[in-house]
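Have a look at the structure that comes next, please.
Going by the order they are written in, the chains are A, B, C and D; count residues from 1 in each one.
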Amino acid sequence: MSPQLVALLSGPDQKGLVSKVSGWIFNNGGNIIHADQHRDAQAGVFFQRVEWAVKEGSDPRETAADFQAFGDSIGMKTKVAISGDKPKVAIFVSKFDHCFHDLILRWKSGEYPCEIALIVSNHQDLEGVSNTYGIPYHYIPVTKATKADAEAEQLALLKKEGIELVIMARYMQVLSAIFLDTFGKPVINIHHSFLPAFAGAKPYHQAHSRGVKLIGATAHYATPDLDQGPIIHQSVAHVTHRNSVEDLVRKGRNLEKLTLAQAVGWHLENRILVYENKTVVFD
Amino acid sequence: MSPQLVALLSGPDQKGLVSKVSGWIFNNGGNIIHADQHRDAQAGVFFQRVEWAVKEGSDPRETAADFQAFGDSIGMKTKVAISGDKPKVAIFVSKFDHCFHDLILRWKSGEYPCEIALIVSNHQDLEGVSNTYGIPYHYIPVTKATKADAEAEQLALLKKEGIELVIMARYMQVLSAIFLDTFGKPVINIHHSFLPAFAGAKPYHQAHSRGVKLIGATAHYATPDLDQGPIIHQSVAHVTHRNSVEDLVRKGRNLEKLTLAQAVGWHLENRILVYENKTVVFD
Amino acid sequence: MSPQLVALLSGPDQKGLVSKVSGWIFNNGGNIIHADQHRDAQAGVFFQRVEWAVKEGSDPRETAADFQAFGDSIGMKTKVAISGDKPKVAIFVSKFDHCFHDLILRWKSGEYPCEIALIVSNHQDLEGVSNTYGIPYHYIPVTKATKADAEAEQLALLKKEGIELVIMARYMQVLSAIFLDTFGKPVINIHHSFLPAFAGAKPYHQAHSRGVKLIGATAHYATPDLDQGPIIHQSVAHVTHRNSVEDLVRKGRNLEKLTLAQAVGWHLENRILVYENKTVVFD
Amino acid sequence: MSPQLVALLSGPDQKGLVSKVSGWIFNNGGNIIHADQHRDAQAGVFFQRVEWAVKEGSDPRETAADFQAFGDSIGMKTKVAISGDKPKVAIFVSKFDHCFHDLILRWKSGEYPCEIALIVSNHQDLEGVSNTYGIPYHYIPVTKATKADAEAEQLALLKKEGIELVIMARYMQVLSAIFLDTFGKPVINIHHSFLPAFAGAKPYHQAHSRGVKLIGATAHYATPDLDQGPIIHQSVAHVTHRNSVEDLVRKGRNLEKLTLAQAVGWHLENRILVYENKTVVFD
């Protein structure tokens, strides 16, 4: 079977984009396996995800570079990935370990096309189990006073290891605008969500006091604006008066695991495009 | 088969409440069919719903009165309903008619133990179809200047007809604190809900701009604090980038219909207790 | 704004299909608004749905005919619809009226791009309300002895009125293979579904006896093989030991309404392709 | 805080049961925290779950024995558990490890009031990680020829260790009627479920071929009748034509994990009563 490429394109809508892209692939001997388009009429932006088998015998890396040049030439922001390539991923975690285990076990079972290259934590709690998983663990404590230094250390590590994605698996520190900007690559985060929303501490307690009948979780790309980044995926679960705060927390953990796991999978399969603080997810 | 009673009790938690209530029923020849209890340990409040068949040959109305007195005597707020009794209900509606039709068709199909006695609307649009349904329609226009008078007219009507429940089926006027207080009986309302929440006008447009992946609806008891009353039921539906604002509105209508219909059903079956701005729903 | 076309294509997978189709549209001055592709690698079949604005000033009917010829020329089964065209639809119904009202009210609210041209029923129960809705009602009783004649009468009616789609809104008669074959156009049906499945009569009673925790509904295209046709959409609801058979039936009605309504919407928006007894739904 | 008891009672319906049970608890100085009743009118069976704090200073084990005797005296099948007691549990597993890890991690996070005392497997694959978890691993290979001996070995082990519950975490062997009968305690199993159902091998392939739009999982108590035991919990997920067989398998794994995890939790909290091949779940 021929190697495959996945391209994500976005840019100002113009006539003939589908035709140009599919024409290029056809003329270069490729065969489209999946293609999905979207057009935001209001914003005037066009999005495309196209997956194709390259011409037999050709070098996928070369074709990817050629396609990248082509994408640029038609004014589309273009990203090309080669199937089989495994980007390096870092997991940031604090003490809550449900998302942490879930991500690593999914990865070990072959669910994620990536390499989990390292763990970063502001606590030492998960060092032992990380060793068991065979993943390097970097304990970088963070206090208000040391935060800038800690982030510099994190950034150096990410750079040195060539990390392409950071997953905040219930990492209980806010990443600064400087960190996000310097890293310059995607950071996926998970937070709980409620109807109505609750500000401040102990949200599950607040939700319980308010008598909500649904709790939720939202996976999003981290931006300097806390929990306000582009939404990737959201899930909810029903709760009743029979549920204690502990039940809500437990149900919330289930939601956080599933929602983050799905968002990470879509990202790694190059299914997500971001624009205007929202996402197109070609699931 | 013997007539049945349903009682809802709530009050300060005390030892032996279940025993006292079930003992009273047993000693009066009744047979418990369903019973459900709940205890809010934090608030120190106890809740009970009990449904029983009265002693053969006895008068259910008399037994209900006796139980009411018993409930009072043990310091519990008590409400007793006789199975087969059909409380009178008023539907308030403006122009959006999806909840309106849905409620009436469910009622006509036998789903609701009540009598839909009248429609109140600030528009004339649904007068014709209300006549077809055979339900009296009261057109009471509301402007800022006439609101107080209009509410007085509504209240007089509700009183005259002995209405026990008002359902706001997308009635686009806020009922004043004076109205709610004077009516003194439950008013069920429905509103859309989003994660995150959006204030202000055109919420579906805002949700679409924000790129939410879920939309929701919340049924609640109306209080002077707009849309902040005790939550009865909540539902959500997934949305994607493929969905237009119109799709969101359409999905929202589905949610509003189902969520309001369920809340009304639970209320009419005497399954809901309210305390501290939240509900216990014995579904 | 230019008139729009929607085309559904399917056929043996071949290199360059996306390119050919989008190239044709581009070369004919059209602008693709949405496009979705799917390829069943196992079956070797390619599917496409493409929605485009025709060249300004051109006749959409002519462009549709041209595209139809083009689709044929590249060996793809092709169907083209002109946006704004409203196919004629017939609703078949017996006595259960929940899907019947739901479909008509959605249609009246503008949700469906079609004309509900007539009602066919083997009972007279819904004649009055059909008149209220302003839709011609055809009472065609069916007994074992008269079934062939009744179907002939139905077929004559559908032909005379130019019906493009039949919706079985809980029509409790099986349409014969001869009927389906002679009509030759799609028929959408709804049936309840359970985990595990139950054969025979009174399925809700069986499901209740078996203690299922989920009930479901499946919308599908009718085929001679009862309830075994291509699945369009499926939904489920949770049930508990607290639910009586009546509760299951009521929840089942909700599911039937929503599931059928969604399937009909997708069909009318030309989002469904059928092959090998299954569907591709470009939602 | 006083020690707590949980009792599950079931038996022929009779007048005054709630009164008798709550009266006993009251008279013995106990305080009911939660109580839930259910009555299957058709089967004439009454069910109760009651959770109470025993009289201050009294011995919960003694009170439990007294209540057991009381339950017997009123003709109810009675089971009493002391809060804080942790029954011993065995996990049976083959090679698929998603449910295995999920259960153990939930247990380690404090979600389950039990002791996972041992693992039984017909393969050696998970021995290493079981050691990491600190749980004894018993490799007992099973072939057609050795099945009887292997089950005897398993039974001896379960007896020796005082196991109260076996969880089949995707254990790919059928437990014989003799095994189930000799063990005499609950065995929880998980299986995938589809609408419609598929018999035979490779069910996900069959479901994919059939074009189903939903896949499901069912947790149940194992009986000699394969996958036909009392249903505890069921869940589903939507699938589309975009999903490959691998996607279905992956979604199926998520469902299996969550559904089994919930069923095990309810069982360990003494929330489940079984009768006539179905369950009452007091969630």
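What we mean here is this: a contact is a pair of C-beta atoms (placed from the backbone, for glycine too) under 8 Å apart; a residue touches a chain by one contact, two chains touch by 3 or more.
Because the structure is predicted, anything quoted here is derived from the model rather than measured.
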Chain B to chain D, fewest steps along touching chains: 1
Intersection of the contact lists for chain A and chain D: B, C
Most widely separated chain from chain D, with each centre as the mean of CA atoms: C
Centroid spacing, where centroids are CA-atom means, of chain B and chain C in whole angstrom: 36
Between chain A and chain B, centroid-to-centroid distance (C-alpha), Å: 42
Chain D: positions in contact with at least two other chains: 38, 242, 283
Arrangement of touching chains [line / ring / star / complete / other]: complete
Residues of chain D touching chain C in the complex: 38, 40, 193-197, 209-214, 216, 218, 230-236, 238, 240-242, 276-281, 283
Chain C - residues contacting chain A, complex: 15-19, 22-23, 25-26, 31-39, 41
Of all residues in chain B, those that touch chain C in their complex: 97-98, 101, 105, 109, 111, 132, 242, 250, 254, 258, 283
